[in-house]
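There are two complexes below, and they share chain A, which is joined by chain B in the first and by chain C in the second.
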Partner chain A sequence: MSSASTTRPNGVALFILPSALLFALFFFLPIGLMALMSALTGNPVVMPKVAFTTRHYARIVNDPYYLEVIWTTIRIGLVTTLVALAIGYPLAHWMARIKSRTGHALLLMAVLAPMLTGIVVRTFAWMTLLSDKGVINQTLMSLGLIAQPLKLMYTETGIVIGLVHIYVPFMVLTLTGVIGRIDERLEQAAENLGASPLRAFLEVTLPLSLPGILAGSLLVFALAISAYVTPILLGGFQIMTLPILIYQQISANFNVGFAAALGIVLLVISLMLVIAYNRALGLVSGQRELQ
Partner chain B sequence: MQTAASNSAALAASRQAASARAAAAAWPYGRTLYLVLNIAILVFLLAPIAIVAVFALNPTPFIQFPPVGVSLRWFEKFFASRDFMHALGFSLEVAVLTTVSATMLGACAALALARGNLPGTRLIVATMLSPLMLPAILTGLALFQTYVLLDVGRPTWGLVGGHTLVTLPYVVRTTLAVLHNFDTRLEEAARNLGASPLRTFFEVTLPLIKPGVIAGAIFAFIVSFDQFPVSLFLVSPGNETLPVTLFNYLKFDLDGTIGAASVVSIVLAFVVVIGLDRTVGLRSYVKL
Partner chain C sequence: MSASIEIAGVSKVYDGGIRAVDAVAMDIRQGEFFSLLGPSGCGKTTTLRMIAGFETPSAGAIRVDGADITHVPAHKRDMGMVFQNYALFPHRTVAENVAFGLRMRGLDKASIAANVKAALAMVELSGLEDRRPAQLSGGQQQRVALARAIVIAPRVLLCDEPLGALDKKLRQQMQFELKQLQKKLGLTLVFVTHDQEEALAMSDRIAVMNGGRVEQVGTPSEIYNQPTTRFVADFIGDTNIFRGERIGPNLSVGKDLILALPPAETQGTGILSVALRPEKIRLSPRIDVAIAAGSSAHGTVENTNFLGGAVLYRITLDSGHRVLVQQPNAGTGRLFVPGDAVTLEWTPADLVVLKD
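The block that comes next holds the complex of A and B.
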């Protein structure tokens, strides 16, 4: 590893140590213990005899219920990502191309404001909007458009709406950075050559922003599959996702080994996403070096 | 419907060039549609926050729309509630401790990464930023299991440690951003003029990286104050942070107290952000 670097670490390098210690004690050790617990028959502190086992993983793989939970989690994540991309892209494009500084600052505030409002608060907001007596149903009913309240809460649709609202700012900020780096003159050139603005966008800007689309989508997907508050409150404890199942195994069943195995499954999925995200952002910076 | 139609028309356009060019040119409302769509998205982003305030002021003890009046009873209930006030105090305590530790550790780490000639810097940075993307609920679960195995109970330092881990990436990132745009010749000049390394650090380096460190500290404070998944596992009953208390309340009650509590935490966040914008400027620090 050190053979690759041409210069030796100097004294300033020692400043990394407090953070390294924090990561060792509060990150690597706990994750390692979680991996260990996922492969043990019981808690080694309480039980004198514990052995290694694969039964927690076998339980996940062999029981269709747990596979269904994993699939529900991934499905909600995928739909959330697609919707967040569809509504995040236009806003990101506007933010990247707006000329006025004040306009940019206002848009940035509008995107950051939801981000700075806690997840629990935003989920509460969506409960007041989506419930049977909530804003959307009451408005539609008083307008005479519907006779019965629409079933928006306690459905996957409700969960997806809440999750999109919570994670779309991450999509917007990722995309804004990438679109902002695309030279606007490329679009102008296409338009001068006779392409409509829409066609210039579809054939020039959109392909060039693909790495940003990939990075933003991976980020939102990773965040959406690990969400807990929104699926549990907007799903009304009726829709089971991986994070909900993990917490339930701890709080209701105190099955630490099984919770750890589920945690490792979620960790492996997330790690693959993190690596792919870094690759995607690497593509963006690679492009930048080429320009 | 119209958007979908124009989109599919545009898709066809990209394949059949000549005929589609005429079709696209015959669509003069593109710019208007673009603005209307974006304003609709902004409404989607901001309306839920406004709605919280409506329910905080509506006097009925259940969700009712349209609101029937204006009252401050839910704010009174929130500020009179010992549970909520204790949770608010505990959240602020944890957020302050977290901000101090994350800022000190993160600024030092960023300095080491930018100036220390460390091998494998890219890998270290990726590792230090990974708590941002890895599920925080796993950090909570893993720490919970560790504290159980080590039999340390659920101490405040354990919660602050977990919060520091998930807020550290913000400080590292904002500080690194400043350090990368930093003219190292300023430090060299100070050294050449006879300043000791320590004096150079305190009189040249530190003042220059201060905006990045402050921005990181403010992010750390807000993230810690709103943090939920790590806290969920690490708080002890009777000593909960505000988001956990709100969550437990929400499971059974949907009255305006939650709205009032929400407004209080939103106002707090906004005060902090406006402070951030006034002191250091937001623009350069929020790029992901």
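The block that comes next holds the complex of A and C.
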């Protein structure tokens, strides 16, 4: 090895060092501590005599209530992701293909503007819309379309509406990047060969945008299952999700070990998704061995 | 099978008033290799895209075998197209790419397989069916694109600078193969290129375009030997263009240079441009006798450019004009070197009068 090739990585390593330290200090250390706490009988700082235990995990697995909470969290995450995809894809396709620069700028602003407002503010806005005496119910009732107010607040539907609104920009931005990189001439080639515009989309653009669909879905799902403010405000503690449960265990029950175990469960769900994502991506992009 | 195309006064104006194509009219005959030639931005690709149906003309009509297809969507036009970057589907294999058009036409599996096999054999790609486009060389991708376009037996084959990305050797080989294939299948082929040599070598007829307009339509030899406009004369090959005032049967180009006009051009007055190809000028060592006014001139060699089969001289005339002269390299005798005094002679009939 020449001296140049040995000194060069060292120079690069020096630049990586700050971020590596930051990562270790604020990412691996807390998660490591959380994993440790989830397997201890108590807080070692307060109680000197602690032992390793699996009782926190056993409690989660054995109590149907906690499994129900986990399932609710995943269900809200899945529905939010699917709705965000259904709304986000056409918008992203439009943004990626629009010719006019002004049009693109306006669309981008429309997508980004809500993100400039805080989540709490936007969630309160949804409360004024969704509640029994809210804008939607009042309007529908005055039009005589419904007799009783629709139950929108304190339901999963309400939570999903709020979450979709908050996380759809992440889906749109991820998808726009991927769709924008697909050569428009591929669709034209398909049309030239006799595919209708819809068929050309289904045969060419859709499969080629799968990496974007997967990435956007992963992002939205991870954000949705870890959302805290929106499920609390729109669910009013009547819909219990993992983040709310974790908060309760810490603030009300002071059961840090159990909260840590729930946190690890949330983390494992997300990690399994990332692994599944990578697998799926490998399959769709067809990375066969070169002959 | 193959069709004729009539482009009748077609214009394309984009938002913001940019006139990409301006009242273009041409007839492309059945089974003809027809090139659209011009510099970038001349409207040749836009014209091709309107034939393919990817752009809608702002005015005018496009007819195929007499039937108006101006507003027929692209997927119902039954035309094959080879794109500049090939536009192969990256997520599909070579065989799947070629099969795409047949699948859209609802053919059964067996005949799709047979047609794909035949098309790949025709472009000499048998055995690469299961590769993906990314695993192929540029030349191979080009052949896949060609196979994908001809397998559907299109009425017209459209090619948008299909050879632009290939290196010179491969390019010449593909030019030859494409031409051969076109003749063999009797295809009507519309070929867009900015490379005049390519257009001259391959085409039955060429439309030279500039600024959204057609400058001249003709066979390669017509385009080269009888350019009608200054742009065509300048764009195709090397040429000497003289601009001057017509005085009787002569053209007075600046001071001290008189050119005799061709016999057919004895009428009229005013400002005129003429073109004279470098190879139409004969060169000899200067002879200090009176020379024929109007068809000869004295000059000094400024620059000698040895091309192999020919020698290109840059010569400054005594009148101050600069002229390119090309002489065949017979392999005998010595070349003129910079500083040599020479006499140039030409035949007035070789001057081509140009429209501005």
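Here is the rule we use: the second predicted complex is superposed on the first by the 260 of 291 C-alpha atoms of A that agree within 3 Å, B and C clash if a C-alpha of one lies under 4 Å from a C-alpha of the other, contacts with A are read in each partner's own complex, and residues count from 1 in each chain.
Rule of thumb we're sticking to: a residue touches a chain if its C-beta (ideal position, glycine included) is under 8 Å from a C-beta of that chain, and two chains touch if they have at least 3 such contacts.
Because the structure is predicted, anything quoted here is derived from the model rather than measured.
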Task = For A:266, select first, second, both or neither according to whether it touches chain B, chain C, the two together, or no partner.
result = first
Query = Between chain B (first) and chain C (second), which does A:204 come into contact with in this model arrangement: first, second, both, or neither?
reply = second
Task = Decide which partner touches more residues of chain A, taking chain B and chain C as the two options.
result = B
Message = Quick one: is A:195 in contact with chain B, with chain C, with both, or with neither? Answer first, second, both or neither.
response = both
Ask   = Now for A:29: first (chain B), second (chain C), both, or neither, which partner does it touch?
value = first
Partner chain in contact with A:66 - chain B first, chain C second, else both or neither = neither
Query = Once the complexes are superposed, what residues of chain A are shared between the chain B interface and the chain C interface?
reply = 194-197, 199, 203
Key: Sites on chain C touched by chain A in the complex   = 15, 52-54, 73-81, 83, 85, 87-91, 100-101, 104-105, 131-132, 135, 148-149, 152
Query = What residues on chain A touch chain B, complex-wise?
reply = 1-2, 4-5, 7-16, 18-19, 22-23, 25-27, 29-31, 33-34, 37, 43-45, 87, 90-91, 94, 104-105, 107-108, 110-114, 116-129, 131, 133-135, 138-139, 165, 168-170, 173-174, 176-177, 194-199, 202-203, 219, 222-223, 225-226, 228-229, 233, 243, 246-247, 250, 256, 259-260, 263, 266-267, 270-271, 273-274, 277-278
Remark   = In their shared complex, chain A is touched by residues of chain B numbered 6, 10-11, 13-14, 20-21, 24-25, 27, 30-31, 34, 37-38, 41-42, 44-46, 48-49, 51-52, 55, 62-66, 104-106, 108-109, 111-113, 115-120, 124, 126-128, 130-131, 133-139, 141-146, 148-149, 151, 161-162, 164-165, 168, 172, 222, 225-226, 228-229, 232-233, 243, 246-247, 250-251, 254, 258-259, 261-262, 265-266, 269-270, 272-273, 282-283, 286-288
In the complex with chain C, residue positions of chain A that touch it = 100, 183, 185-186, 188-197, 199-200, 203-204, 207-208, 284-286, 288, 290-291
